[in-house]
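A, B and C label the chains in the order they appear, each numbered from 1.
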Amino acid sequence: MTVHDLSRRLLLKGSTFLFASTVMPKIAFAQAPGGRLVVAADSEPKNLNPAIVASNGVFFISSKIVEPLAEASYDGPEGLAPRLAVSWEGSDDGLFATFWLREGVTWHDGQPFTSADVAFSALQVWKPLQNLGRLVFANLEAVDTPDEHTAIFRFSKPTPFQLIRNALPAVTAVIPKHVFADETDIATSPKNNQLIGTGPFKFAEYRPGEYYRLVRNEDYWGEGLPKLDEIIYRVLPDRAAAAGALEAEEIQLAAFSQVPLSDLARISKVDGIVVYTKGYEALTYQLVVEINHRRKELADLKVRQAIAHAIDKDFVVNTIFLGYATASTGIVPKNAPEFYDPSVPTYDFNVETANALLDEAGYSRDANGTRFSLKLLPAPYFSETRQFGDYLRQALAKIGIDAQIVNNDSAAHQKAVYTDHDFDLAVAPPVFRGDPAISTTILVRSGIPAGVPFSNQGGFQNGKLDALIDKANTTVDTAERTELFKQFQRLVAETLPLINVAEWGFVTVARSNVKNVSNNPRWAVSNWADTEV
Amino acid sequence: MKTVSRLIRSPEGLAGLILLALPIAAAIFANVLFPADPLSIAGPALVPPFSDPAFPLGTDRLGRDVLAGLVHGARASLAVGLAAALVALAIGSLVGTVAGLAGGLADEVLMRVVEAFQIVPGLLLALAFVSVLGASLPVVVLAIALGAWTGPARLARAEVLSIRERDYVASARVIGMHPAEIAFREVLPNALPPVLALSSVIVAGAVLIEAALSFLGLGDPNTVTWGAMIAEGRNVLRSAPYLSIIPGIGLVITVLGVYFFAEGLNNALAVRGIRS
Amino acid sequence: MSSIPVLLIVIVGTFFLLELAPGDAVDAYLVTIGGGDPALVQALRESYGLDQSALVRLWVYLTSLAHLDLGWSVQFGRPIRDLILERLPNTMWLMGAALALSFTLGSLLGIIAGARPGSVFDRFFSIGSLALYAVPSFWLGLVLIIIFAVQLRWLPTSGIETIASGKTGLARAIDITRHLVLPVSALGLIYLALFLRMMRAGMAETWRQDFVLAARAKGLARRRIVLRHVARNALLPLVTMLGLQAAAMLGGSVVIESVFAIPGFGRLAQEAVAGRDAPLLIGIIIVSAVLVLIINLLVDIAYALLDPRVGASEGRA
């Protein structure tokens, strides 16, 4: 065989291989009036099942396929709109919660939706497997199903219905029993990524690194819904890419601030593009300085107060968030009016006060003007958390604290802060999920084992605060429980286990032909049944 | 000294020196010109260039002085480039010389290691390395050097192989010099010039890899580098393009300067090589 | 066969590098789900076998690799072979086209520049290409997107093809080509300088060689000398360079694929590092090593074809 022959063969072989391995989905689309909505997605969740993984990245896609018992609403009673449940009620002793379910609902495979599905989801998935449900349904003992459309949750200990109600949108995605019952390991089942639900859209296709495609559910229970024929999530990992794709009309919508805040002023002036700042009220992210109380300087309340005084919240809101955020007063955000208490002690921006407090605490400046040095770990998840890290370093320098920033990727940050406690200060973006007991009290409660992300790993311990949290967890009376959380907020503000700096919702940018955007407080992670193009 | 004068007289060498003069001067006098921390917030955010005499080149997203960043960035970027090139050259020439002199199994093993590093894409290696050890300047330097030392190693080995058979090495062996002594006193100095010529490519490449790592979020946050400035500026590329263009110009000048300088040096050395 | 010990070094090296990493696949996963309690964390570690010692896991990995099984990706929950086969073609198109672009354009401009050293052409292209070389690839990519995709709308902003378009055959080939123009330019233009300068230097050298001097003495036309004798000989080192640049371009594609949202190898590697997915990263590195080896084989063949003095067997040495 001559060399020439060889090279030609190699080339030929190579090219057939190339063509064979890029087989394309051959689908023809009927372009009905409903139309197609193409949205940007910046991540590809590994497990798409919202019943197991209650996170916004998963909900963003799966909430269109799998529905919860109720969704958040601007005008509904108790801030809720019914979905798979039409009404609900908790018993006075906190031991029962009854849900009356919607009738005439079918799964995407044609099977009827019944109370057995709810019982299965609650007992086999939410309680044992779900990251948030494990907490909310910790004392769930059984789910009785007296008929096909009634589910009665029985608890071994009093469980406040206020908590369950507030948790409904995030933790109660119902999955079909007949699909998952036979799986040996539900958590790792491949069916988690071939979701069957009751939602307005059916899962159609996933091309890793390229797109997810959902198609209209013709048999959806909502009359005349959904309005769209198809939703395509186009994977755009680089955040700078979404703005360009929107302007080039390759995508029609980018949620979760995929268009960087710094680009909003410009893009809002582009014809045919609308910027929405509503629709994230129930998904409030909080900008928090986590403190390692094992450091002797930081164990001193005066030092923590000094740090709180050193942070110019207006600068953070106006320069880092460009106004798309609110300064925090405490650990419960303003977006949770049911619990929010504005009368907590606050720490105004005052460098002199901060310096005086540090002098008082006995940390005087050395020849370089430095009192002591700290290791600062900004969470890498958002550009704003990193920028705030840069700002905090400068703010601390003004009061004589030398902060060295440590940049880690997600996994390393996770390990350093929440497992190894190898930090002095960290910047974190926890989420407030409608009730302080879901993911907020964990930020300050003591006794949480190492390794739990977004929890108190700073070694802070306050018996009074722990007692308040525990009492609220078993207080059934709504007014009484709310009052306990107000005390909780005040105590957190007084003792400063962490410093709340700002709270923000995201921004959605869409082409102007997309209708009914941001019409509920969890819009990006709701079902989009009424969205039109 | 002759080499230097030849360098200055060659058009490339002169152009290189002129281009490099600016960033080098900036690097040397950074602390004199801008004694404050270049990362400190000096004024309002996003002041455009040439609009405020206090900030001739404007300010960035947080209100940091772009000119101060540019000047201090010259220092960090050049330091990263030179350090990475030095480390790569040191490791590479050491491994290459040892492999070339020792021969046999040692050579075989060392060259397999060199090949192993060669087939792994450099940026990928740097990415993994920095993720693992954390983003700080020394780690970044080492990560870049890890992807760059194989070139010098191969070159050094090839030079050693060709030199070791020459008369003066053979005579050194005859008079009973220790192999290591031969290596460092006779072989290495002679193998060095072509290896040094490679260094310009490494310096330029290092500055760029540092930029790519910053883009991927793996730069050192406590130091300003041009790469980090460009990477940060890309988020406001549409509304404040100057934030990435200004450090970009610095980068282009430096890389051009290094290249011209290296070419001039190459020519100067080549002439010397022929004469000796 | 000699590449097996090399691959083994790469595998073990990569494995222990990721072993040193703070945080494992479970830590990376927990971030994406927004938290979990200790029992969940423990259960996850057990189900991925992460509770076992590093040596046990390395041994398990190597034995399955001996059976040509690349293993299972923790992060994607899929066989690594499938993941790689899915992404490989995209990167090969990107890399192949970028290499071809920088090689042909580079050598072409190199010939023009080298034919008349010191001319305006020479200065312009030599300096211009170097300036391009000094631009970070991600920045060049972003600027190309803004100009050609957003402002002029000539080309798509990102992706490898129009999503779910149902195009087949020629229409699809054209679609993919349109998507590749910008990323290939961003990647290829940067390496242009290397080939251009090498060609130019090679030509300068060849001009001085005896057979060229003889040809010039014979009074052959300048154009003929340039193309027949000088350029052809100067091309040889470029071909070798092509092989050497293959690994570098594979690395460069990490960034370009991220900017242009191309589901390729480089992005998979980035995701593997971020997700602490050691088997996946090792799989990628093995396959890219094999890819580099194949490219070098092709380069050797090309070398043999170009230079009649070198036999095929010598060329491979």
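One rule holds in what follows: a residue touches a chain if its C-beta (ideal position, glycine included) is under 8 Å from a C-beta of that chain, and two chains touch if they have at least 3 such contacts.
Keep in mind that what you see is a predicted model, and the values were worked out from it rather than measured.
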Centroid-based (C-alpha) most distant chain relative to chain C: A
Of A-B and B-C, pair with higher C-beta contact tally: B-C
Whole-Å separation of chain centres (CA-atom averages), chain A against chain C: 37
Between chain C and chain B, distance of the C-alpha-averaged centres to the nearest whole Å: 22
Distance from the mean Cα position of chain B to that of chain A, given in whole angstrom: 43
Junction residues of chain C - those touching two or more other chains: 21-22, 142, 146, 258, 273-274
Sequence positions of chain B contacting 2 or more other chains: 131, 134, 234, 237-238
Junction residues of chain A - those touching two or more other chains: 240, 408-409, 412
Touching residues (chain side chain B, partner chain A) in the complex: 37, 39-41, 45, 61-63, 131, 134-135, 217-222, 234-240
Complex contact set, residues of chain C against chain A: 21-25, 27-41, 43, 47, 75-77, 83, 85-90, 92-93, 142, 145-146, 149-150, 153, 156-161, 163-164, 166-168, 172, 258-264, 267-268, 273-276, 298, 301-302, 304-305, 312
Chain C-facing residues of chain B, complex: 112-113, 115-116, 118-125, 127-129, 131-134, 147, 204, 208, 211-212, 215-216, 227, 230-231, 234, 237-238, 244, 248, 251-252, 254-256, 259
Of all residues in chain C, those that touch chain B in their complex: 2-3, 5-7, 9-10, 13-14, 17-18, 20-22, 127, 130-131, 133-139, 142-143, 146, 247-248, 250-252, 254-255, 258, 266, 269-270, 273-274, 281, 284-285, 288-289, 292-293
Chain C-touching residues of chain A, taken from the complex the two chains share: 3-4, 6-7, 10, 18, 21-22, 24-29, 38, 43, 45-47, 53-58, 129, 131, 134-135, 185, 187-188, 190, 193, 205, 207-211, 213, 232, 234-238, 240-241, 244-245, 247-248, 250, 381, 408-416, 419-420, 431, 439, 442, 449, 451-455
